[in-house]
């Protein structure tokens, strides 16, 4: 059994403390990317996971894979190629100053990927699940085509497929709109994570601010009947350091809603959506998943992520369960 | 067009993290001073600014000017002189432990300044505004006299003058009381920032705790009729990390009050008054300033400062406007 | 006059910032231990204090004593012995992620202590107070026996004795239960700090969750009639960064309860119980102590500790008094 | 009087200490580029200098200009444009492990420059010297064309022009060979810095390993008769931390050779060629330059650079002169 | 094909820079151990390697394995067990101050290992080589016995066995002398690395200071006829920062001697013997190894290690070959 | 028995690594001063030492004393007074770039000392030796007078007195020349450390470059017949990182010369003269000191200091002896 996560990994550079970019004389360096984050999180939960990506054949490509490998994810599927590793700069916010992300990922190994480069049958040989996100088709036509190629083969092999739409307005610069690309990809997909904006921009499913989630989710289900589960998250942003977070999952008929977590004194919210996605896959890949438990676990996993530096949700299943069960962090664990 | 800010710049040394002085094995080093802070903030708002000061002819003097120059402030007016650069030690507080400032600025270039040293006509040649603060006359009789010399010439040249009273009880050690020095200097001034304590100690305008601000401000206006605008700020201190902040401006007739900002998870409040002052000058130097907008901008600028490390308010006009318009920091700016 | 504190000091290693153990490429290193923390805190309050311990004859033993000596505690009583200095790893929590302590202290100088090693009469020659904690008898039979030896001599010398029960379930690994060891030691003790769990596990005094503190404390007093004062603290843990704290003291007849402190944005709660204990001793060692003032001071001292990095409560009596009097940290102390 | 330096500035990222890339959890961040380095060095020697470049309109572009401005170089000529700031990764070597540079500069503001973007007449209005390097034409055809445009106008304005060939084999990726581009540019140039390899690859002037420098330099002079001075440097590399360095200058007739510096315990050799170039311009822009002194100064400046971290040669004229005069660093300067 | 390395991994803590232990307020943390170092080095050379060890089931055990896994070594064979991870403190020397190592490894997972705990047949199932060192039998009788158990099975399976004697006088504290334990273990071994002292203490083979290496090595060969290759290294220590290094290998008949490397400005010599051992295995596991090339490669690998921080020799085969071929570090690799 | 060292302690601030002042964003902070350095060094050699100084009654004064106390020096004699703690900025050199010291010590507790402030009889009550240096009389007339007061009383009490002339040209700014002040102070002194320049400037004893040391030292002895021992050191400065060092001692009749140490890869030479002085006192305070051994020990102690960061020579007697006996640092001390 092995979950294969496919996508781009980047070097993340952020000024130490809460410095602004112009103040930085050092940058903290970690590696992350939506699908790598999912893979690492699943590995912490004890799931066998492999990461499929394409990184340049240089020290940074090696370092990116090492970052994933150290947390127990298999990296033998990764390809070498492309001229550079994508980078993203993160200025961590504080209080009334919002965090800021600036991508510098053009020309990366994933952005210059084309069909035929990946041997998908080999890559999926031991796969029991395939996860992708809407980042990959946003990078380039070639990346979108390579993904389509993979999804086609995964379907042939009857491998369940999950997707986090992960809509980023400032990607999608290669001349195509999300709605021209995403529906064909989502047609292969079984489990979907998104939000109202993403559903509208990527799937063309309009909704009003006050539309009930059931209505939106039913419309998605109708449009993409292969989807077995559709999930959403709700975040309130009181400040850069204080949010709330809640998850929902819809099985085509019923909507399950998690506890809502108050998240004061946040440390690093980047990757919390990926932590949620990993929690979702962790729950759904079990036979007879109890959807209320699934959504509680995924939401608690995402909540926990806000208190771990870097993109990866370095916490165990038992730590997530302790939070689910009401251990809100106030006791020293001796 | 050029705003000239005149005052002392110091090396600021603070233990990293929230260490106490006795724990420090390193000190974080930045440079700052009330009027330099105003100059840098104005430069971030796109205003041409020059900084007039006197620093020793050594590496620290050079480093202090470099710190200002890097943020776009002209430093060609700065003089070399004095034996040392002033220093201030800052122990950042946290929660129930208050921040602590300890000055070590005796003998600095500004403290040993005397009339005749600055060529004020040359310094103000291109000036369209002159800003000073109550720190300078608190340093020494010579500094006070040199300032008076400058204000006299600025008045001759019809340059608008602003002042932040900035009363610090533990300066004023050279034998004069503020009330013996400040009134003569304020007589030249058009725009004033202060608070009730400063008005009482420096201007001799008494008031009770529950006196309405209009009453106090009217008294100041009566005493100093050249003042076109008088501004005050109100801060509540719930803890070292949590304050609220609000600004007021009075045009001699009407009082304009800003929104009140809740400031949780503060990073560095030092220089927030200077950020306010810069916002004020930024607003008032425009023709036909809308005073409600002026006070909202100045207050939002000050609020933003609490989330930037160091003395300087390194934020842009658009970032301040986003806060004014209700973006309280809760969304990642991608 | 000299207060002698007897116990183990360890090297404390914690990942910088709020990193997890697996992320750490550096560890912050401080030294601390319950009784050393009490000694340092008392020295900050101006009390003459000596620290009695046993550390290995190597660089780490030397560094541990240096850490205590720098804060004004006499270390000439300390013995050299044992193969290693105990270590504890601390992963500082944040928000919803709890802090984690992992001990690595087997084989230390204190754990391998046996009766006859310490010359107690010499050590207590100038002592006017002896402080110990329940950590020492939890380490090994030898340590418990050596402590008993010391308490016996202290009693002979009529030296007042205080104890912080400090029950840690994951110590006590040498085959004895606390209830087999602690009562004999507490029989020598005059001032006791504990909590309901500790009273039950160590003293066998059962209580229900809703038992009033007076009832519990009276039972303790009855069981250990030599106790002149028994104290407890109450903490609520809203998150890893936000707690509340309150202290109680019982003189056998009356219960005195302190103000309850709200503790947002906590920096480091480790050692806050020791800060409380130091505050208690500071108050009680004065003749005619006012118990309400004693408990207010001890509680404020503990509250202050949450805002100081490391185990030691590096604050002065006047800083504690300022907090007692309502200075909640919101003003910069210039 | 103003020397204009034209070229690309990059963010330089290097692991702290002598870590390898894969070990890095932080990167030290400075900004540098051949021509910016020349500009900063000249400013330290008291020369008025302006830096002409094109950086993206984002925080990194702003930070790059701030880095130059803080050291006294005028940046008002800099243009905003391009999608990203170029980056170079530097792994500092040590002893038997060589330093490693990896460029990531495709798509930068300078690489995407085209003729017509820079208003050269305005940029050169106050220029008394123009400096460029062979990096710019190596980036793209557009950058080469824009440079040619500028050199043409500089010639019209009779501005002396200097060039550091700075041949980098791993640039020049846009389909042209250096020898197709460089000669036309060098035809405008008065002062040239190069080496045998560069002369061969860029100018087509062949030479053998044991050809005397006079012979090579005469051939260059013959091919480019506008050149008034041609300079070379010689480096021996005993280890990553120990080199020797020597400079030569040829005025068309005579060859002047500097002292040879032994450079043990080197700190950062990047930018030493630029430090040499700045020393050369500093010497040659004076009327009646004594070429022996010119080459001694330039070589000492370059030697000094090996002991300053970052790309910029942050030393004064008097510090260079002290080294020229034999102060080899062994005395503490109190 | 897979090389299995068996031994203990520790947390290595060293003060930053060249601080002494008593000065340290942080410790740099890496993980290392003789056999883990060999495994990581082999993985950098492209060899499939697995690491067999026993670490506690806690965060430090996890972190130690993560450190090895990130560099491409398989860790699935590692067992969980024991109460703590061994630690070693390293004070890096400089110039005339020698480096200092202090072990704190009692009670570790490896020290408390006993026969029967490791399923050796499973562990060696895919092994084509087994490497051990003299550290393991020095830890405890149980560790020595468990090793003997493994060697016996490896012999049955016809797996070649290598050993680095790695004699450390301050281990071997459990009551046995090396000469009572090591000969039985070496009887299984094919490739041996040692030095004169180790041969005398562990094997009882006496020699004089001026005995020729051939004589000593022949005596070892005679005593342990299964040995196919015996290797030694020679180091001269001019200072803590400057050594020389040379390797020798003996095939029972001929002695091959490598170039001697001068090693100025050393960064970190810990693990250089393990780097040598890895180079030796790398060479000898190839069919038809040229022993002169083998010893040159192993020695160059060890030389390179002196310039890499941490225990692991993070360099590639081509980097080692470049050094072998005379690239002594003096050129920047662009 | 107790050696009392009297003098000023300062905060020393230096940029990390080998940054220049203008590059520093942090300063490393240690505390040091000539006589404090002597006291700490003696304490490491096991000598009971007390430090007599005057520091301001603030956090920095407290931190300075804590720095001394942690290394085992008694600080109960220290007085509180003066407005500030003196500071010195140190820019560590490297290779061809010399180290740079800039004092900022005007107005310190010691500089504002006057006679009558110190209760010398109490301070010297347990003293068996008094050490002072030429720094103190260089600070101010008051400091010189207070010192004279102390020396007078020490002489009355028959306490041996040592002095390190420590001539610093850029002190002595209060209007007196060294030769007007120093002779009267040296008349009380028994053991003197100096050099030719100091003897000329402070004592008026002229000498030529090639005068033999015996001649100079005899002249000093003649002028100051109370001197029992006069010592000198010789340093050659090959670069900022490489010096040689040698010591001499003269007993009025014979000159003893130590080995000469080659000091490559120096870490921190500040305080090496004080380390020498401490070695001298350590040797001479023993009855029947063998002067050859005394000078060897003092010189080796000074040599060792070059490899310890900060002002203090944190090494033990046995470490110094190992260097004396030829352990030049090349072996790891396991």
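Every chain is named by a letter (A, B, C, D, E and F) in the order it is written, and numbering of its residues begins at 1.
Convention: a residue touches a chain if its C-beta (ideal position, glycine included) is under 8 Å from a C-beta of that chain, and two chains touch if they have at least 3 such contacts.
Remember, predicted model here, so these are calculated numbers, not experimental data.
Listing every chain that touches chain A and chain E alike gives C, D. For chain F, the chain with the farthest CA centroid is A. More than half of the contact pairs at C-E come back, by residue number, in B-F, the repeat among B-D, B-F or A-E. Overlaying chain A onto chain F using CA atoms gives a rotation of 180 degrees, to the nearest 5. Our note on geometry: chain A versus chain C, Cα centroid distance of 45 Å, whole angstroms. Distance between chain centres (mean CA atoms), chain C to chain F: 41 Å. Counting partner chains per residue, chain A has residues 20, 22, 25, 66, 71, 100, 265 touching two or more of them. Judged by the touch criterion defined above, the protein chains form a pattern that is neither an open path, a ring nor a star, and not fully connected either. You'll find the chains touch as A-B, A-C, A-D, A-E, B-C, B-D, B-F, C-E, C-F, D-E, D-F, E-F. On the side of chain A, the complex with chain B involves touching residues 17-20, 22-23, 93-101, 168-170, 236-243, 265, 269-270. Those residues of chain D lying in contact with chain A across their complex are 13, 16, 20-22, 24-30, 58-60, 62-63, 66, 83-84, 87, 89, 91, 100, 102, 104, 106-107. The residues of chain B lying in touch with chain A in their complex are 71, 261, 263-267, 303-304, 306-310, 314-315, 319, 323, 327-334. Touching chain C in their complex are the following residues of chain F: 66-67, 69-72.
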